[in-house]
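Next come two complexes built around chain A: one with chain B, the other with chain C.
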Partner chain A sequence: MTQLLAIIIDGVVYASWLFIIAAGLTLIYGVMRILNMAHGSFYAIGAYAGAGMVGWYFSTGSVPWLSFAVLIGAALIAGLFIGLLIERGLLRFMYGRNEVVMILVTYAILLILEDAIKLIWGVEPYFAYQPYSLLGRTKLAGLSFANYDFMLIVVSTLIGLALWYGLNRTRNGKLLRVVIHDREIAQALGINVSRIFTITFLIGAGLGALAGALTAPGLSVVPGIGIEVIVLAFAVVVIGGLGSVSGALVGALIVGLARAAAVHLYPEVELFVIYAVMGLVLAIRPQGLFAVASARKI
Partner chain B sequence: MQTKSIFLLIGGALGLFVLGLLVPEWLSYLMIIAMGKGIVVLGVVLLMRAGLVSFGQGLYYCIGAYVAGTLTQFAGISDVLLILLASIAASVLVAALVGLLLCRYRGIFFAMFSMAFSMILYGLLVRSSVLGSTDGFNVLRPSLLGWVPTDDASSDLVLAVAVVMVMILGSLMWLYLRSLSGYAGEAVRENEIRVEYLGTSVFRIIYTKYLIAAALAGIGGTVTALVSGHVDPEMAYWTTSGEFVFIALMGGTSHVAAPMVGAGLFELLRTYAFAIAPYTWQMILGSTLLLIIIFLPSGLWSLVSRFSRQARG
Partner chain C sequence: MRLDSLKPLSLACAVAAGTLVTSVQAAEEYKLGLVTFLSGAASGPFGIPAKNAADLVIDAINDGTLPAPISGKGIDGRQIKPIYVDEAGGATKQTAEYRNLVDREGVDSIVGYISSGDCLAIPPVAEELKTLTVLFDCGTPRVFEEGDYKYVFRSHSTASMDNIAAARYINETVDSLKSISGINQNYSWGHDSWRDFTETLKVLRSGDIEITTEQFPKLFAGQYGAEISALMVKPADVVHTSFWGGDTDALVLQAAARGLLEDNQMIFTAGETALNSLGEHLPDGVIIGARGPFGPFAPESELNTWFQSEFTKRFGTPPTYPAYHMAQAVIGLKLAYDKAGADATTEQVIDAFEYMEFEGPGGKVSMNRGKGHQAATEMVYGRLTRSNGEIGFTDVRRYAADCVNPPEGAITEEWIKAGMPGAKCD
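This part shows the complex of A and B:
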């Protein structure tokens, strides 16, 4: 019973973190048809920017509670800046190319950013544990959980709600959905597709960086964290169906719970189980759980 | 094939072998690694000609390497030919299963799922303490038909194996690309539906190519394991597969020699980049990739064919 509780809570915490990353990835794909490999780098940049600034903030000895704002603010600024740089500086010249070519382009960006991160922040690990320990711990049925993890669930839920509201209840969200549905018709109707692309890419990059910042306090930020994340995020996104935000939520929950169960019951298969679940879902529903089947254009 | 081209091939093989014996040890080591990777990339290119980018050839590369490792280290088998056969068998067997699921997909899905499958192997190897977890383990020296070479001769044996493999596999691929099944790849890339109309199964075409590519990657992995004397799970990590894709794009897909040239250049570039700028190696790689995609989408080999066409007038 206690173990079940631990699995569920760990699973949901992990899922909420995965959702933030996956939502950005799936949004960018849905609108722009770019499977952004560099998303892992946005995550890493967010983690480094957040951890670096928080470390500096605490060394100045200011009010500890504001460190959350510093953490998130630094990551968002870094993420939006790099997102804008990449979209305006490179990707916009590549629109309309084959999806596979775009994977290669974003793979190249990933490689470049990996080293850029090392050049800016060095190769030493960064720690920003203060926000994590600041919130204390809660005892639940004899188990101790970090309150920070619960906050992660809340933040992730808020992001999910905001995305849902933004996409379904606002004018810009509706325009975005038109572009997702058919880019050419949207353009013909006078929608500024190029501007929508830029905004989408910025939201995606911001979400990636935010996810990085939110995890930074829970672990040590080292080179290469972005590379691991992208494959994981991809697994989440395809389980739910590429391009679907609600699919990303379900995918994150499935992967999160599966991984938590593996970690608690049989740790040897931790990585394996994630891809096994993915393989299983795809063997049954090749398009993912929530993707709308699209007619093949000849 | 004509007698002339057979002589050319044997001459080329001998030349390559003698060159490998004459150059300093680090360079011949580099040559063998490049040949191993070149063989893998041959398979990547084969898939690319059918319009499929595999980000997961590391799976079979790693299987080939680990087969070589386990056979020499744990089973006491050190014969090169047996090891190669076992690697091919293991890779093709796994590919036959994985391919059933994978060959239904195209485009980005094919790329990412192939990557996911190689990550499964990575995840399993990292956690298996018998096989040395993240550290991997050592591969013992190979032998050939009962002949156990000394320390010095051992690397010459691997060199000979690599050269022979490159020549044989290169020629076979050259012949294959001129067969019906070989040409079918481009047809699939251009228009799948029309290929189906013509009465062939697209799935079977792609499945065949996938199996061939897996066997090639297995052989390449074995060669690499034998020359480096060590295997580790990093070989199945997706960045390794990314390297293969990079080499394939750099060399180009229009000729069987292009992957070999690409792999050679890649290894040379890497050695110097590591020595001169260890922290910007990936940056150099990424920028090169971008430049190739933008300015030279058919790879470096397109320069060769462009110049030879100009020379012919």
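This part shows the complex of A and C:
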């Protein structure tokens, strides 16, 4: 019973973390048809910006609770800034190109940003551990869990609800869905697709940076941190279906629970199980669980 | 003679003079290739401290300011010119970089390599190019167990030492030890460490030890919530980890926040790098190792005092074991040249290096394994304690090199399973 509880909690916490990373990635793909390799860099920039500012904040001896606002605020500002810079400065000149070309372009951005991160923050590890321990821990069935991890579940739920509401219940969301369905018709109807692209990319970059910032308190922020997560994020969005936010949510839950079950029951297959699930889903539904299969335009 | 006709002559003289100056300078330089992680996840906790140590020691060797008995300026009377290469990129890239260092840069020797994969890939190339190479930080025992190299040396002990000593330490100091669990990285380092630790314990306790769970998360995974829960669900008397660098930091932070470190006896075989940054999260009683007699476990000596104080003064943080490993390698190389005498050939330096004993900042280093190419040192563990907020260690136990390192010619795994014959632990 204790083990089952641990699997569920661990799985949901891991899924929450994955969803926050994957939501931005799948949103950008859904709207812009860009499989954004640089998403890992947004994650890393968010982690560095958040950790750097939290470290500075605590050195001033200020109120500890406000560190959460500093963590998130710093990451969002950094993520939005770099997102705007990349979208306006580079990507907008390449819209309409083949998806493979866009993968190469964003991979180049990833490499450039990796070096830029080292130029800005150096290679020494950054720590922002104070928020992680600030919330204390809760004991359930004899097991201690960090309340910070429960907060991740709340944050990812809020992000999921905000995205659902924004896409389904607002005018801008409906415009965005029109662009998702058919970019050319949307343009013909007078929708400012370029503006929607910019806003979408900024939301995606902000979510990536937010994920990095929320992860930073639980580890040391070091070079290469963004590379590690991007592969996992891709697995999640591929399982759920590229471009589907609800698919990313389900994909994250599947990966999170499968991994937690493996860790507790068969630790030796912990890494394998994620990609086994991905392979299984792709074998049955090549387009992912939630993506709608579409005819290829010739 | 017209002025114009003088120009080509002047130019030719200038070029000739410049070439002469360059060649004289080159003759006075000792080009040392240094390979360490300058980017990627291993750069912060390992690569950069190692580079800092190399900078510090090379400057001191060039200035002749290393404490006695190390004397003389430079190597073989030549000023050392370091040429750094980033170790990131994998073994294939590193073998290409190695060839570049030798063929294009014309280095006299190379000190480098943190990754065990690189340490296994480089020696055959070093032999082919006949270049003196000192491996400074990698842990795999396979380098000299599976190979026989003339031009390759390793100036620190293998990772087997860490885990054999760890098993001895908990066997001696943990009351009513019945069970163990482990969390180690899912690649050769983690698997080998866990194997050496568990096999040694089985030998020491005649098989009377239960393994409750063994976790192998991916290298640089960063998220260990499920693994920590698994360790809590199946508790053991001791939790073993050979995590290093950023993975150690993440595990310490997440385990501390969930009380794993308070409720369980943990042993971090490579935990010393976390002391400076995350010491406040480590509770009293946690067992720490430094992959040798380094950092807080380094024996008192003039060289260690110099290294600690100068490193801290120059880089703002005390040296951790990767820094010690690098210092030990560069000092060992210089001492081999000193022993070989002036204008010695590479072969003469190799002869001098083989079976050499020298004092590094971490104490005595004996190059008496791997046919004189593999070092053996003592190993130290201690329990963290605090006095007035300052981190210190209690119950410190030092294990002689011959107690925790397999003897010359032995294969580690076979030696452990055979009951560690010939181990001298008194």
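As a convention for this text, the second predicted complex is superposed on the first by the 298 of 298 C-alpha atoms of A that agree within 3 Å, B and C clash if a C-alpha of one lies under 4 Å from a C-alpha of the other, contacts with A are read in each partner's own complex, and residues count from 1 in each chain.
Methods note: contacts are C-beta pairs under 8 Å (C-beta built on N, C-alpha and C of every residue); 3 or more make two chains touch, one makes a residue touch a chain.
Just so it is clear, the model here is predicted, and its values are computed rather than measured.
Undergrad: Determine, for the superposed arrangement built on chain A, whether chain B and chain C clash or fit.
TA: By the criteria stated at the top, chain C and chain B clash after superposition.
Undergrad: Touching A:211 in the superposition: chain B (first), chain C (second), both, neither?
TA: Touch partners of A:211: none, neither chain B nor chain C.
Undergrad: Using the touch definition from the top, say if A:271 reaches chain B (first), chain C (second), both or neither.
TA: Both: A:271 reaches chain B and chain C.
Undergrad: Of the two partner chains, chain B (first) and chain C (second), which one does A:107 touch, if any: first, second, both, or neither?
TA: Once the two structures are laid over each other on A, A:107 reaches chain B alone.
Undergrad: A:119 contacts which: chain B (first), chain C (second), both, neither?
TA: first
Undergrad: Applying the document's definition of touch, where does A:283 land relative to chain B and chain C: first, second, both, or neither?
TA: Touch partner of A:283: chain B, not chain C.
Undergrad: If you stack the two complexes on chain A, which partner ends up touching A:17: first (chain B), second (chain C), both, or neither?
TA: second
Undergrad: Check the residue A:202 against both partner chains and state whether it touches chain B (first), chain C (second), both, or neither.
TA: In the superposed model, A:202 contacts neither chain B nor chain C.
Undergrad: Pick one for A:137: touches chain B only (first), chain C only (second), both, or neither.
TA: In the superposition, A:137 contacts chain C only.
Undergrad: After the superposition on A, what does A:146 contact: first (chain B), second (chain C), both or neither?
TA: Touch partner of A:146: chain C, not chain B.
Undergrad: Could you point to the stretch of chain B, among 7-15, 43-51, 133-141 or 187-195, that collides with chain C in the superposition?
TA: Only 133-141 shows clashing C-alpha atoms.
Undergrad: Which parts of chain A are in contact with chain B and also with chain C?
TA: 114-115, 118, 123, 267-268, 270-271
Undergrad: Hey, which residues of chain A end up touching chain C in the complex?
TA: Residue positions touching the partner: 2-3, 6-7, 9-11, 13-14, 17, 114-115, 118, 123-125, 127, 129, 132-133, 137, 142-146, 148-149, 215, 217-220, 222-225, 228-229, 259-260, 263-264, 267-268, 270-271.
Undergrad: Over in the complex, which chain A residues touch chain B? Could you list them?
TA: 35, 90, 98-101, 103-105, 107-116, 118-119, 123, 227, 231, 234-235, 238, 242, 267-272, 274-276, 278-279, 282-283, 286, 298
Undergrad: Tell me, which parts of chain B touch chain A in their complex?
TA: Touching chain A: residues 51, 53, 55, 101, 104-105, 107-109, 111-113, 115-117, 119-120, 122-124, 126-128, 193, 238-239, 242, 245, 249, 279-283, 285-287, 289-290, 293 of chain B.
Undergrad: Could you list, by residue number, the parts of chain C that touch chain A in their complex?
TA: For this pair, the touching residues of chain C are 38-41, 43-45, 47-48, 186, 213-218, 220-223, 225-227, 229-230, 232-233, 245-246, 249-250, 253-254, 256-260, 263, 277-278, 281.
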